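What follows are several structures.
Consider the two complexes below, in which subunit A is the common component and subunit B and subunit C are the respective partners.
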Partner chain A sequence: MNGIHDLGGMHGFGPIDIDPEQPLFRNDWERRVFALFFGCAPHGFFNLDEFRHAVERMDAAEYLELSYYEHWLHAYETLLVGNGAITAEEYATRCAEIAQEAG
Partner chain B sequence: MGSAHKRQLSDPEIRVKALESLLVEKGLIDPKALDDLVDTYETKIGPHNGAQVVARAWSDPAYKQRLLEDGSAAIGELGFSGMQGEDLMVVENTPEVHNILVCTLCSCYPWPTLGLPPVWYKAAPYRSRAVSDPRGVLQEFGVEVPEDKEVRVWDSTAELRYMVLPERPNGTEDMTEDGLASLVSRDSMIGVALVNPPA
Partner chain C sequence: MDILTPDLVPGMLANGATTRVDVDAPLRFKVGDEIVVRNLNPTGHTRLPRYLRGKRGVVEHAHGVFIFPDTHAHHKGEKPQHVYGVRFSMIELWGDGASPRDCCIVDVFDDYMDPL
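Up next is the complex of A and B:
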């Protein structure tokens, strides 16, 4: 299916950010997001195609605005809540608690 | 480290912490095992694997032939296999053809030989333009491909990934496989760099 993820040939994204020293993860949270994929994989909450599809279904403006590992984060939320591994309520509560503790 | 100076967490930091803590509580994930896994992908599996494959192909014509016929099998001979490398095709740079890889749809990349892709490989500017203006993209990386040399772009998919076998530089005839491998960069196996002779 055609969608915003199908970037080949689109114009206007500017120069390539070529930095040979660029680390694979720019923030520690990106490392945690990457790790969660392997944490979820053995439990069959989703497979790789469902995961990719969850990214491809993102709102177009959001897709373009957010970074690569934020796409992954969006996919976890969609799929883990969608298939009942966690509930939307407990997730919202936990996010609020963590924000509160840190602030 | 006074608690009065706690840093505000960013939105993604909060969300990933929340997901991880819920999954840990439910007994579904083991954070230590995940740390080890990330370390493997960050430090152990990387372009040095691909460089060994290239050096072997440059040194052993029979190996090179097997590599071009069945990339996954020949790479497996050196012990590199696994996720995101199940079906891997190696494309050869020659005096007539220069190859370059992209994944326009996402970030498909040959993990067993190159590790995780660089940030630019996964970002919109490279993904959009590598297919429509590959020569311009190559110039941006400092690679000038002569007009009469063909440029082939390989758009990776979830099922099939690619790796470039760069051209062996002149003046390396007497080098050992290890010496050759040390010349081969990640970018040369994506096709956005050439391999230079030793300085």
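Up next is the complex of A and C:
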């Protein structure tokens, strides 16, 4: 698809960060988001290609505003709710519980 | 359904969840062949970057056979096929203002290419 993810050759995004010392994860939650891929994809919840496509189908403005692992999280939400592994209600309920636990 | 156990994790991380498959598929191109990329505008998933459409290149590597993402993403089959490393000159990709010394090698699925 001619999506916002296909940025090759576009101008206006500033320099590419090629610092080899940059951290693998900038926030602790990103480790969990990364690991969740290996907890889902090899077990048939979705495949690598539909995972990528779920990122590509994000709203274009939202895509540009969110970080790399927020794209991943968005894909999990789309796919796992979409294929019925979890319901939107279950997800919203658990998010609210976690928010409450965190105060 | 397989259970994810800790001993499986290093291998998964090392191969990046590869989609390489051990099946035969027609090898339509060989190293040195000149190709042109098809002008494809699918509404679904593709691994063909926009900037390659209609561009001419030369096959540098034959990487082997991989699952075709364009069908696999939509549960339309694995359609295993060869992937080639194709060299494109920067002038071909970006016009006369680009460096004549530079090139870009992109991995391209068989379905994206025609012989030139």
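What we mean here is this: the second predicted complex is superposed on the first by the 102 of 103 C-alpha atoms of A that agree within 3 Å, B and C clash if a C-alpha of one lies under 4 Å from a C-alpha of the other, contacts with A are read in each partner's own complex, and residues count from 1 in each chain.
Everything below uses one rule, namely that a contact is a pair of C-beta atoms (placed from the backbone, for glycine too) under 8 Å apart; a residue touches a chain by one contact, two chains touch by 3 or more.
The shown structure was predicted, so the numbers you read here are calculated from the model rather than taken from an experiment.
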Which of subunit B and subunit C A:77 touches, first, second, both or neither: first
Contacts of A:6 with subunit B and subunit C, given as first, second, both or neither: both
Partner chain in contact with A:49 - subunit B first, subunit C second, else both or neither: both
Subunit B versus subunit C as contact partner of A:39, first or second or both or neither: both
Partner chain in contact with A:24 - subunit B first, subunit C second, else both or neither: first
More subunit A residues in contact - subunit B or subunit C: B
Touching partner for A:69 - first (subunit B), second (subunit C), both, neither: first
Shared contact residues on subunit A - subunit B and subunit C: 6, 8-9, 38-39, 43, 48-49, 52, 56
In the complex, subunit C residues that touch subunit A: 1-4, 8-9, 12, 17, 19, 41-46, 49-51, 67, 69, 72-75, 93-94
Residue numbers on subunit A that touch subunit C, as the complex places them: 1-2, 6, 8-9, 37-39, 41-44, 47-50, 52-53, 56
Of subunit A, residues touching subunit B in the complex: 5-11, 13-20, 22, 24-27, 29, 31-36, 38-40, 43, 48-49, 52, 55-56, 64, 68-70, 73, 76-77, 80, 85-86, 90-91, 94-95, 98-99, 102-103
In the complex, subunit B residues that touch subunit A: 6-10, 12-23, 26, 28-30, 34-35, 37-38, 41-42, 102, 104-107, 115-116, 118-120, 122-132, 137, 140-141, 155, 158, 187
